[in-house]
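Shown next, in structure tokens, is the structure this report addresses.
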Amino acid sequence: MRISAFGEVMMRLTPPEYLMLEQTRELRMDFTGTGVNILSNLAHFGCETSLITNLPDNRLGEAAKASLRQLGLGDRWIGQHGNHIGSYFAEMGYGPRPTQVTYQNRHSSSFGVSGAADYDFDSFLEATDLVHICGISLSLTDQTRAAAFALAEKAHSQGKKICFDFNFRPSLNENNEAVFMREQYERMLPYCDIVFGTQRDLTDLLGMKADETLDNEEQFKSLTKTFMDNYDIELFAGTFRIRENGSYYLSGFLFDKNHYVQAEPREIINLDRIGAGDGYAAGVLLGYAEKWALEKTVAFATANGVLAHTIQGDVPLTTRKQVEHIMLHPTVDLIR
Amino acid sequence: MRISAFGEVMMRLTPPEYLMLEQTRELRMDFTGTGVNILSNLAHFGCETSLITNLPDNRLGEAAKASLRQLGLGDRWIGQHGNHIGSYFAEMGYGPRPTQVTYQNRHSSSFGVSGAADYDFDSFLEATDLVHICGISLSLTDQTRAAAFALAEKAHSQGKKICFDFNFRPSLNENNEAVFMREQYERMLPYCDIVFGTQRDLTDLLGMKADETLDNEEQFKSLTKTFMDNYDIELFAGTFRIRENGSYYLSGFLFDKNHYVQAEPREIINLDRIGAGDGYAAGVLLGYAEKWALEKTVAFATANGVLAHTIQGDVPLTTRKQVEHIMLHPTVDLIR
Amino acid sequence: MRISAFGEVMMRLTPPEYLMLEQTRELRMDFTGTGVNILSNLAHFGCETSLITNLPDNRLGEAAKASLRQLGLGDRWIGQHGNHIGSYFAEMGYGPRPTQVTYQNRHSSSFGVSGAADYDFDSFLEATDLVHICGISLSLTDQTRAAAFALAEKAHSQGKKICFDFNFRPSLNENNEAVFMREQYERMLPYCDIVFGTQRDLTDLLGMKADETLDNEEQFKSLTKTFMDNYDIELFAGTFRIRENGSYYLSGFLFDKNHYVQAEPREIINLDRIGAGDGYAAGVLLGYAEKWALEKTVAFATANGVLAHTIQGDVPLTTRKQVEHIMLHPTVDLIR
Amino acid sequence: MRISAFGEVMMRLTPPEYLMLEQTRELRMDFTGTGVNILSNLAHFGCETSLITNLPDNRLGEAAKASLRQLGLGDRWIGQHGNHIGSYFAEMGYGPRPTQVTYQNRHSSSFGVSGAADYDFDSFLEATDLVHICGISLSLTDQTRAAAFALAEKAHSQGKKICFDFNFRPSLNENNEAVFMREQYERMLPYCDIVFGTQRDLTDLLGMKADETLDNEEQFKSLTKTFMDNYDIELFAGTFRIRENGSYYLSGFLFDKNHYVQAEPREIINLDRIGAGDGYAAGVLLGYAEKWALEKTVAFATANGVLAHTIQGDVPLTTRKQVEHIMLHPTVDLIR
Amino acid sequence: MRISAFGEVMMRLTPPEYLMLEQTRELRMDFTGTGVNILSNLAHFGCETSLITNLPDNRLGEAAKASLRQLGLGDRWIGQHGNHIGSYFAEMGYGPRPTQVTYQNRHSSSFGVSGAADYDFDSFLEATDLVHICGISLSLTDQTRAAAFALAEKAHSQGKKICFDFNFRPSLNENNEAVFMREQYERMLPYCDIVFGTQRDLTDLLGMKADETLDNEEQFKSLTKTFMDNYDIELFAGTFRIRENGSYYLSGFLFDKNHYVQAEPREIINLDRIGAGDGYAAGVLLGYAEKWALEKTVAFATANGVLAHTIQGDVPLTTRKQVEHIMLHPTVDLIR
Amino acid sequence: MRISAFGEVMMRLTPPEYLMLEQTRELRMDFTGTGVNILSNLAHFGCETSLITNLPDNRLGEAAKASLRQLGLGDRWIGQHGNHIGSYFAEMGYGPRPTQVTYQNRHSSSFGVSGAADYDFDSFLEATDLVHICGISLSLTDQTRAAAFALAEKAHSQGKKICFDFNFRPSLNENNEAVFMREQYERMLPYCDIVFGTQRDLTDLLGMKADETLDNEEQFKSLTKTFMDNYDIELFAGTFRIRENGSYYLSGFLFDKNHYVQAEPREIINLDRIGAGDGYAAGVLLGYAEKWALEKTVAFATANGVLAHTIQGDVPLTTRKQVEHIMLHPTVDLIR
């Protein structure tokens, strides 16, 4: 299954060795984004992938494109126009000090100013079976919204699978009313086959009401069933983060039309606190593409999400071999 | 309240990535010292600060001064004479391996050879409301002792608040007799309003006797009351380091003339094992300057001390926003 | 003489060791800008300086502000609002390979979106004798233009000296018509006392005509005289870059109302090809502030410009001692 | 024209900042090789390229492959088997100190142990119009020789263009007799259309005799004509390195069946002394692919070779825009 | 007691900050190997040590030799011939992500191609009392096997003590049959006085049978007694790695002819997961050389092994002072 | 010939990439000194060397000692006492910007506080044939002077060769009167066999008068002859630095009792402006030890001095092979 994504590429700038911005003049530059992360991981799993996006038409855009190729992404539909890339600074947290992300202007980025006319969706869709559309495109600008809808409609009408994640960021939606955002989501969801999200996405963003007479798990299942029925969703997936005895655990869940599975929790040990969600999503998409049993999928995806937290940067670069190794030999800490 | 400090600036040289000196040719250079640390933190809290000290009259002194400005310190009373700066190497520990500090010559430093005549205390005091005098000046050289006493007397006579910390370092006092050091402390304390210390400072340095018929806490309270009464101290503050189940916790305490408060302990997770005490002191001084309730002060200062351990280097660079965030949302590990 | 500047602060990101963007993940971060560069250099010459600008109201803005303090700039009028800083990538050239600057979005920067109302010009002007206004503010946005004019008018009416440089960048003016830009310059120049520019600025930007019956030098003198008379300019200054036998030489010139002086050319040996103009300007302003003879000023400023080319980054950090040393001992290459 | 190459990928390890191996523990890792260099440059010129080679079947091989993608190479025919990559250490020279290359074992590398059966030449050739075969494959091992001949024969029989360079390295041929090597070259040349070499390659490797009654240039032309006629070579190209007044100049030459052109020499200023030949070759192949006049080709290729010397590492990463810029504006040293 | 070793020196290349190979171009270079590690540690304990091995006869070999001197090893018997050094890449693990070692060709290394005739064992043995022979030499090549046997026979016949470790690595023995390897071990052991190994070495490599009627500890003791009696072994030593409540503990054991001691377990906190075994071995050899009680030896060696895990790289660089400090003051985490 | 030295070891701290101290937090640490430099170079030439000095009795001293071993120095007579090492910061110059050395306190260093009683000169002298005594020991402290004289006397009385260099540094002699320094030199020279110096050392330090009726060269020869006769000096050596057409050239000279030779000048291209003198001296001592003709010695030593300028740091690490290579093939800039 050829898997592709539509989404923003961002430049991430990270001080070394847990330093804060004030403490250093050295920054590490990476290129990242939900689509980048998921596709890169899938490419490392052996899938054929391609990203459709726009990068600046200058040397920074060229460097970004080279970096995306290095990550394993097909670059045929990566255009270059505009002159700006959204960026963020990640001051890596340690212990009780949280990782602090500081965004620079994303609205004027090459991606932010690109509308449907700036992409060749037709040839792009010919070469893909499943396309991931990042929910951030619904928050960003009128152009990104228009492009996302145009792509979703076209893909859906051609029978391509669409995967969508809510990915709501309050900081990107300070000027968007809740009702406006709900309309965007409601417009997108009918096109979608696979959705990544949380219970809060259903209640807070879509305004669905949980049945409070049920216990938590049943509430969630009932709410999800309604949601999946409403929009004819094939797969709904996400993760829980569980705190126990001062440790954190990750546990993925997965709904198809008839089943609900939740993975055995795995302890999270953080090298980088950003990017586990994309690792989980990549695992789910791999299982979907290869028609694995839900149980296998959710276990693999959770292990992959936990591994993503042990890798510097947002981009999960795990291979199948690595994921399978920690599933089979969880206590081996040295391979030679 | 304008807060200032008198004390030594040191150069700290640290190998990267937990390497030991033998293992590297690369060192990170920082400028530090008790006064530097406390003032820098207060400047990050929004206070107006200035340091009075002497740095070498050469390019290293200029670089140090630039670094202090960067940290937020007012540099108007930072003089340059002499040609040496005290320095230390910090080999960062990991797990059971302790952080190892190796000092280079401090006695011949610009600060070490500067006496009272080498400072313009008068104009300095005009521009400050509270001055912190680091106890290390009493251990270092005859000149630093003379300067500290001259400043303390002058400040006290002008009604400025004086904050003092014992900061006794055996390695700096190999040639000073215990009785000699006690005389120095006894000469300094009558000028002081706020003192940072521990029970051991009162018993071992001042030779006070604890009432062993009391339980530990009451012993400490009674001892402290005597001490504060003897020297008319307004505030006595310090920290406990508590070990429990293989973890360490920090808990600050605070006495005013009538009350004793101790903070809820917070777990210590160490990125850098040096500098938490100064973070705690900065928190206490902020509460004092802004007339907070003791409970609020001690909780804020303890949280700040714990954050200081998550920051590379001795200098706590926390902002109010950061401290308040971990107080309100202790389990959030990523902010974006 | 207290000297200040109004202008944009930019983040410069530079790959190490002459690498191109594609070749590295490591970038060096500096904060720069014409005003920053000139004031930093003047601060290193011992002048009291301050910058008026706006930086992002986030952790990057704070880090930038700390960096400016480190450079020696007074930060009292550095505000923080907006959430973006203009940035550029400098791929350092070598031999025939030119240094390549790639700009990221400057129009949406905190400075770009700040108008006159976003600054406290009144208190700022009270504390300055001469203010430098960078010509880039006339190219950037409506707000920066409005702020520049408001400041110039206010300063002029209070008898403060105004220094202006044309600093025309084609890449920033792709959407500005020539006639529009001429109007801006013509509106600014009547407020100005000192102007940095070139013959081309007078002819191409202001549309002045050179008298082609004269030889080159006389043409330039005559054109400059007309220009200075027109706008009642006290000092007009700039540099020539001379190529001879495969080497380049820098030679500054200086006009006051009655005299023209040009410096002995000095060979340019480039470590960093950006920033010599600001070094020259700083030298001229020092001479002006201290009422040096034109000959001394132009020689010092030229030497300083040449030194600026031997320093990494845009910011000239030379001291008087360094400039005077290479003037007196041009062949000494090691001082110890 | 789709251009491809067959050749070894090597790992280059370089100490930073002109340090020698003894002086550092830090190395920069790059992946390089004649084929890599030429194709990467052509990809930066906008050509579609692909490399056929074998890399280790382990994590290093994967990292190498990712790096090649980043350089712009198509990776479809890059196999992974064996467990070793040839490597070399480059201690960068400075002034009179030569750059010192130290090779590690190349014979046991994945490339060295791969014979014709280890490649899918058929599908590879379907997707290419011109294939570059590096002469080093004739020196390395029996397998690499066999693979090179198999590929050349197959490509030639299908009417694909073949480009070959002598690339003779004494250090790789310590165990190969001169006569043995001559046989290899003589077996390869009949398949070739474009050859890169020098007069010494013709005389010393092929044993051809120059007509010493002619002057130097005529000798060279006559020798080349014979060589090209013998093997029906379409294009013969190479460079001269000229020393004049203590400076070095590069000047490319180009023969087709009827013409000889030599480029205007350009001064060499070395950042990295390795890789200019491959830059020259990439320029020639671009001109060939786009059917440029010889004069244009040789000028572009020479400029590109000179630029290659200003880039860290062996891989020339120049774009058309950069090469054209230094041809049009040789004295511009800063672009913004 | 003069202690020496015979074994391979390898180059270890490690990405910084837990990055994976794909994520970096920077590598840290170290020289390591079982013999190197043990001798370096013993040198840091104050012993006179020397290594007998062969390094490449080129600049890399010289750099390696310089590095070994820096570690404290006597270099008199370190020869230089051949042109290759075995190497490995260590991608440092974090949390559940294992450290991943990728070997490059070791068989063609200078050590791998050196047989008995390539060493001056006679003069070497004159200057040593105890020689450590690494078991890897039995796996590597015919030459290394021959050299190891020649050395062992000669040393034994001269009454020198021989220390041997099994150090079996499946990845190095893919082409060696189990029965072949058993013969090698059986040929070596009669020469040996001290052996490092595990129960599995005795059963799987030597084919000994455990008496399954006994409990685990008795099984191990009985097996070991038989082994030691069979080969007249003076000391048999090794470590257990114990998992408890999610933490790992190291506990060394030691058998002499009559006693069995096991150390109090110590928690392992890993900075680098490679090298603790060599730290343990160095501790045991120190105790042996200085005739300590077994209990003291095993406690010291275990503490040293745990410290080795807190040091970057394979080479344990602990001093006696450091080991004794964590034995006496296990909770002190900062020394100044 | 076994060659040794008595002298101070200093720590050199250097910012990377020509940055000034203010511009960086990263420093490179090296250990250096005249004796270190000369012996290290001789060790690279294959000589057996040892240094007698004292280093701090702490972890920095241990790291320094390890570094000296790495450079090839015998460490048997390197003691550890005291707690300070003299240090200097080297801000690397570029073009007209001079390299700027800033010294930190040298008088209180372990070397500075060590007198004759702190060294075991007897066993040291047994193992050496020629000892180099650095003139800096005569400037530093009473203890270093006393130690130097004790060593010189003892060595001379045992018929060991003594090599001395004036190495006068004004910055180290601010408190020493000229007449005092002359007495020291006059006391040392009678013990000496080889002296490194300049004409100015003879006139300014020793107060000798040049015969101004002679031309420059004859003046120098006559002066030197007197000097050598006075003190029975076997060899007097030094270098000229010649400026021509904007370039600098190095040319060594050498006097024995009957001859004067001067080397063909070689152009200086500076990577590091410190350390060429020590490279020259090492070359001279090698020629002396191996009884080369003066012409060969002076040519080799001059080439070595020029190479020393192309190496980062003070320590010349050239091998014979490298020096001979640039003598034979001065235009080869790449060896592979």
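Order of writing sets the chain letters: A, B, C, D, E and F. Residues in each chain are counted from 1.
The rule is short, and it goes like this: contacts are C-beta pairs under 8 Å (C-beta built on N, C-alpha and C of every residue); 3 or more make two chains touch, one makes a residue touch a chain.
Keep in mind that this is a model prediction, so the values were computed, not measured.
Chains that touch both subunit B and subunit C: A, D, E, F. Over half of the residue numbers at the subunit A-subunit D interface are used by both copies of the sequence. Chain centres here are means of the Cα atoms, and by that rule the chain farthest away from subunit D is B.
More contacting C-beta pairs link the chains of D-E than the other of the two pairs B-E and D-E. Mean C-alpha positions place subunit C and subunit F at a centre distance of 45 Å.
Centroids of subunit E and subunit F (each the mean of its C-alpha atoms) stand 42 Å apart.
Shown for subunit F are the residues in touch with two or more other chains, namely 17, 20, 22-26, 62, 66, 70, 100, 103, 270. Taken together, the touching pairs cover every possible pairing of the chains. Listed in rising order, the residues of subunit B touching subunit F in the complex are 13, 20-22, 24-30, 56, 58-60, 62-63, 66, 83-85, 87, 89, 91, 100, 102-105, 107-109.
Interface of subunit B with subunit E (complex): residues 17-20, 22-23, 88, 93-101, 103, 169, 171, 243, 246, 270, 273-274. For subunit C in complex with subunit E, the residues that touch the partner chain are 23-26. Residues of subunit C that touch subunit F in their complex: 16-17, 70, 266-271, 306-307, 309-313, 317, 322, 325-326, 330-336.
Those residues of subunit C lying in contact with subunit B across their complex are 62, 66-67, 69-72, 319.
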